[in-house]
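In the two complexes that follow, subunit A is the common piece, with subunit B as its partner first and subunit C second.
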Partner chain A sequence: MTNLLTGYLEDRSTAQYFCFSISCEVCGEFWYSSSVPFSKAGQAAEHREKRELYDAVYQREKNRARLAAGREAVERFSQCPICRRLVCDSCFLICDEMDMCRECAGRLKESGEPVAP
Partner chain B sequence: MLAKLKELRALNAFAKKQSVGMQKKLMLYWVSMVLVIFAAVILLMSVAGIFSRNDEQLHEVMELQLKNTLDNLTGHLDRLTAQSLQLSKELSRDIEAVLVQEGMSLQEVNDDPDLLLRLQEAMYPLINTALQTSNCNGAYAILDATTNTGLEFADHSRSGVHLRYANLNASSPVSPTVVYFRGIPDIARQKNLELHNRWNLEFDTDQIPGCRELMDTPPDRPAQHYFWSRRVDLKDTWESAMLLCVPILGGDGTAYGVCGVEISALYFQFSYPTAEGQFGSAVTVLAPIQDGRLLLGDGLTGSVSGTYLDGQESLVIHQGRYYNEYDSGSEGYIGLHQTIAISRGEEESTVWAAAILIPQDSYAAYTAGVQKTWIIAALGMLLALLALSFFLARRFVRPITDSLKRFQQEGIPEQAISSGISEVDELAEFLNARARSQGLEHGELPPNIAELFDQFVARKNLLTESERNILRYYVDGHEIAEIPELAFISMSTVRKHNRSIYEKLGVASRDELMLYIDLLRRCGRLQELI
Partner chain C sequence: MKIRWLPFLLLCLVLAGCSTASDTGGRLILAAEGAEAYGSVLSPFLWGYTLQEAEDSLYAELDRGSAVACFDVQAIPAMDRGLGRYWYPHVSATVVLAVDRTQTDAVITGWDSLRENHIQVGMGSSSVMRNMLVMGALSYGLNRKEPVKRDALAFLESLVGNGGFEPEESDAPVLLCLDYEAVEWNRSGGNYEIIVPSEGTLSFRLGLLSDAPLTLEPGLDEALLSAGLPLANGQRPYGFPDDYRTARTLEEEDYDRFLELTGDSSRDLRRQVFHTRLYTTADLREHILSAVLVAVAILLWKGTVSHRMLRADVRRAVAVMSWLMVGWLLLRLFKYQLAEESTLSRMCWYGYYLFQLALPAVLLYLTEILDKPEKERQPARTRWPAFICYLLSVLLVMTNDLHQLVFRFEANGNWPKDYSYGPGYWLIIAASFILLALAVVKLFRMGRRSSYRGGKLFPLLFCGSLLAYVLAYIYRVPLAWESDITVNICILSVLFFESALRTGLVPVNIQYQRLFASAPINLTLLDESGHTVLSSGGVRPVSRSLWMRLLADIQRPLLRDRDTQLHAVSICGGMAVWQEDLSQLNHLKREIQEVQSRLEAANALLREEGEVKKRMLAAETGRELCEQLDRDMERRITVLTGLIKSLPETKDPKRLIAHITLCLCHIKRRCNLFFLARQGMALPGDELGIYLDELAELACYTGVKMLVRCGETGALDIRRAALCYDFTFETISWTLEAAASPLMGYLEAENDCLVFRFLPDADPNRWRFSEELLAEVSALGGQITCKDLDDAVGLCMTLPLGGETNG
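== the complex of A and B ==
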């Protein structure tokens, strides 16, 4: 699931911090991960070699922040087993037979209760 | 003998192998103990002399009776002796006075009826007084002279006076009638006395053993030699009596004759009644002992009512520890005797004894009664002890049998059985615990746990398919963090399912849920859950 979510993450990072977002494929709402500051933010590269080093550090910390954002998104997003879309807890219903997104539930006439009301 | 012993051993070994009920065994122990205690008590009582106490009591009673009898008899005979000695003295004086007055000696009185009459007239008041004042039934005085020396039996026929009580009976012993038994009848007419129906003029001295010798060889003083004759038959009568013979001595030392008192067998019987006691009727006897025999025929016997004595027996004496036995050949008596000196100066060594005799049958009947009482009491006690043994054994075993019944009825009781005996309770608890552990080893669950599991498994039907899907992950051993990865659902969804699962299955936490799953897995019932 984490890998799946990581694939869905959209990069919202800046030079100072790392941030990612996922949008619910049912309601379109965006979820933003917690911002993680770049360790070298605000430090000016004195020369080209330094800038190249800072770029490598930036990429490494960004990857780490992406993984953390994926783990964070696991708390809130599920994959609908019917339509295979990624949906937020507000659009994901707990149904008797099988949990599914609100739209699939409506189509299949299944009743359920959203995970996050 | 050896073969029998072997057989007995084999029987004992066989008996030991047999399974005997606890109550029976306990009863056997109790009975053994009771019998041992009973035997010990009997032995102790026997050693302490409880059973020979009858003999001791009899000895004490008879000793007391003998002492009383001896005191009475000695006092009685001593008084009679003293009165007879006094009579002898007074007679001597009066006879001598008459003889001096007549100027004659006693030998010259023979064939002189008038002088004899005068002498007897002088003697009569003294004899009568002696009779009235003495505790006897007759008094007499014999003169060494006869009315007719020409008669064939003149050598043993002697003149004298003998007064007796005639109508002795038990109902009026104090007002008897004096009759004239021997003597010149003129005196009887003068004194208005009735002649005895067997009256004789003179005494036959052959009828009184020792009388002749006493007159022939007179002592210096009357007190030196006097004696009680053996019981003699009074001539021509059915009566017999003992006579106290005291010499009448003249001033020159010659014997004037013999005087004394008479105690008839009948009088003695009235004087010494039987003493009725718990052991039987005690008869008083005054009799000589010769060659280890008590000669009743030669002595006097008190009242014999309640016994078979006829006063003529010759009883063989067997000395005993507590009492003597007196055997007449046909009848047996028990009693005590003690020698008593009633004569003095006698050459013949006749030993007189005062004795108390009780029929052996009466004593045997008494002891049999006492023994019967003892036996009944002992049997009663034994029965009571046996009943107590039975009761105690039953009471002791009852909790055990009750517990056993409960075991049989309930199988393994859920609650600990309290029998009242700690060892039994411990044994029951031990058996219970072992049965439970054996059950668990065979996959069985304790009844309360099984019920709990049943309820738990039954509640799984409340779960939805989605929840059951989550539960299956747990059953497969996955952690909660792994479920979003596996089920492609959010952690919030998992938590929401968890809450619902916990609520429906009645558990408070995931740990408790996992404990159920683990226990069901161990019991092989996990399949029921999924």
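== the complex of A and C ==
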């Protein structure tokens, strides 16, 4: 699931921090991961070698932040077992027999409570 | 956990620490009226138990393992409910009339005779248990078949009307008491006639209730009889009335009915007999319930005020006031739970002032901050005087046991009721009034521009009521003294503050919700914790993830979904977030993209169509060119074919081959000129000269000596150049046929005309040029003429240049 979510993450990072988002495929609302500041943010690279070094550090920290964002997203997103879409906790219902997304529940006339109302 | 809960938790811990000492067991507790004699007799017979004072209720003591001396009306219902397993009744106690014959000679036989004799009646105590015993005896006595409480209350009310009924009076001529009490008074020198009411009364049993079986030493009955206590089996010592036939002892099934009859006796006595506490709480249960209800109401009110106010500091001040009132009520509830009037109880009483005196100080602080911006720091001099005044007042009250300057009472007496006020009390009350007055004056000064001029009467009214009530309580005006001061002060304080809010003395933001609800701006105000404070109608709430994202980088707009963008700005105490609807923009963008892709597809189609057409056109043009070329060259090729066919039969093949070569050269150059003409290009005069020289050179091989010279003609259009070239070729052909060699030619431009002259060595008048050449020359406005030059005849082709020669 983490790998799946990590693949869906959209990059919202800036030069100062790393942030990623995932859009719920039912309500369309974006979820944003916690911002992780870039360790070298605000530090000027005077020459080319240092800039290249900073770029490498940036990419390495960004990859770590992406993984962390994927782990964070696991707590808030689920994959609907019927339509296989990624849905947020507000759109994912706990039903009697099988948990599913709001739209599938509507189609199947199932009732349930959202994971996060 | 938030730090603001810490004081409350500390208070709870402090109060929880005020519990009784740990249970040691083996205690004998007296929980019955007038059971002291019973307890002192019983104590030597109950080994392992020591007689001690009750620290808690009967049931709590029982739960701790104590043996409790109580009446059967207490013990049996408790056992039915699972409290206490062993009941040992020992003594009989009958409610009787004790008539002090030193004060009255009235003939009294029962309850009704009390009504007729107009004598003052007392009970010696107004405790709950005694009220219950007397009320029960009265109810059963006045109506033996269907006892009702109403009869007992009406009887006592009539006693109040007749000669007076004073529950706590122990010196009245007639006392409602237990028979062994009256016998004891007689033994102590009293002269009481003990009368078992003729209408009927109740006999109760006094005994021991315990959770564990008790072992009593033998000889208890004798000891009880010798102590003047009647036994539960009906055996009575000297001094008791002889006839107890009208006294009824309750059976097992009567206890619930008894409790039903005597429940809430204290409350009913106060309200229905003495007509007091009609509009306030009258017994412990009502005290507790009212305090809980008022505390809940205050907390709800605090919630509404917090909801109405945007300023965090004002909200905090109101919250402090609310918690002060709730703390006061809770402390009071705690004091109610204390079984005896101990030092702890008195410290709780002093503790009331911890909360009470803080209220005006906080109100003054509130008025100080109201007319200043939220973030502006208040100068300390405006806050410290009130705070110091409060601290000194509290210190004075809490140390009252040391100096008795605030409350004066006998420490060992009935201090909860028998106390007076010292100078310290007037000092702290005066200080509180001054703080309150300062706060109220400041409030009204700030609110003088408010539009609720008439409405300001209400805060004044409630403030005046509060002051009047406190003064009336201090001076013990019955209406105030009999009421619940804590509850009333809290209610009046809340009403005062609420009216101040309603009338605009304290600014609130009541209308903001309506404003936001009707404003089409999609704006949300969030507090420092990310909770929505105000929100426009129909706006989706901002989730915690979005709030954190905005907080991390508030300058950057944030996409909520594909059609909504959030913008945020930091405001005092939180942030304002408004949502921009991008759906129209996205719709337009999508439409533009669709149109663009449609146009690109159409362009690709058109491009492909153009390519196809171009290819078709090229093929068509090529075909047309070929056809046109074929037409142009047909006559020449026919001539050439004829020449080639005649080649085997010719006698001079060399000359004929040269002629054929000449024809081929002509055809080749004409093809060149044909394509140049299609390209719309001009032919430089020098290049035409080269063509003509080429013809002249080939003509030499046919035996024609020829010289052609080109003058300055400039660039010629292809049509004229082709005519010159054709004219030259046909002239050579004629010269070859007519053996008119040598041939001289001269091409030059004269007066806007191109003139091409040939001078052959024979008469050219008999030679005819081809129809195509003549037609072409005529079409250009030119002509071909023969000119007689005395000894020779020349050919001359004249073509108007038409401005192209110099082009």
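The criterion applied here is as follows: the second predicted complex is superposed on the first by the 117 of 117 C-alpha atoms of A that agree within 3 Å, B and C clash if a C-alpha of one lies under 4 Å from a C-alpha of the other, contacts with A are read in each partner's own complex, and residues count from 1 in each chain.
One rule holds in what follows: a contact is a pair of C-beta atoms (placed from the backbone, for glycine too) under 8 Å apart; a residue touches a chain by one contact, two chains touch by 3 or more.
Just so we're clear, the structure is a prediction, and the values are computed from it rather than from any experiment.
Trainee: When both complexes are superposed, which of subunit B and subunit C contacts more residues belonging to subunit A?
Mentor: B
Trainee: Determine, under the contact definition given at the top, whether A:Ser35 touches first (subunit B), second (subunit C), both, or neither.
Mentor: Only subunit C is touched by A:Ser35; subunit B is not.
Trainee: After superposition on the shared chain, which partner residues are touched by A:Thr2: those of subunit B (first), subunit C (second), both, or neither?
Mentor: After superposition on chain A, A:Thr2 lies in contact with subunit B alone.
Trainee: Thinking of the overlay built on chain A, is A:Leu53 touched by subunit B (first), by subunit C (second), by both, or by neither?
Mentor: A:Leu53 contacts neither subunit B nor subunit C.
Trainee: Between subunit B (first) and subunit C (second), which, if any, makes contact with A:Ala15: first, second, both or neither?
Mentor: A:Ala15 sits against neither subunit B nor subunit C.
Trainee: Overlap the subunit B and subunit C contact sets on subunit A and report the shared residues.
Mentor: Shared contact residues on subunit A: 76.
Trainee: Under the definition above, what is the set of subunit C residues touching subunit A in their complex?
Mentor: Subunit C residues touching subunit A: 543, 545-546, 548-549, 552-553, 556, 558-563.
Trainee: Taking the touch rule as given, give the residues of subunit B at its contact with subunit A in the complex, in rising order.
Mentor: Residues of subunit B touching subunit A: 464-466, 484-485, 487-493, 496-497, 500.
Trainee: Could you please specify the touching residues of subunit A with respect to subunit C in the complex?
Mentor: Listed in rising order, the residues of subunit A that touch subunit C are 14, 16-17, 19, 21, 23, 27-32, 34-35, 76.
Trainee: Once bound in the complex, which stretches of subunit A touch subunit B?
Mentor: Checking each residue of subunit A against subunit B gives 1-2, 4, 74-79, 81, 89, 92, 94-99, 115-116.
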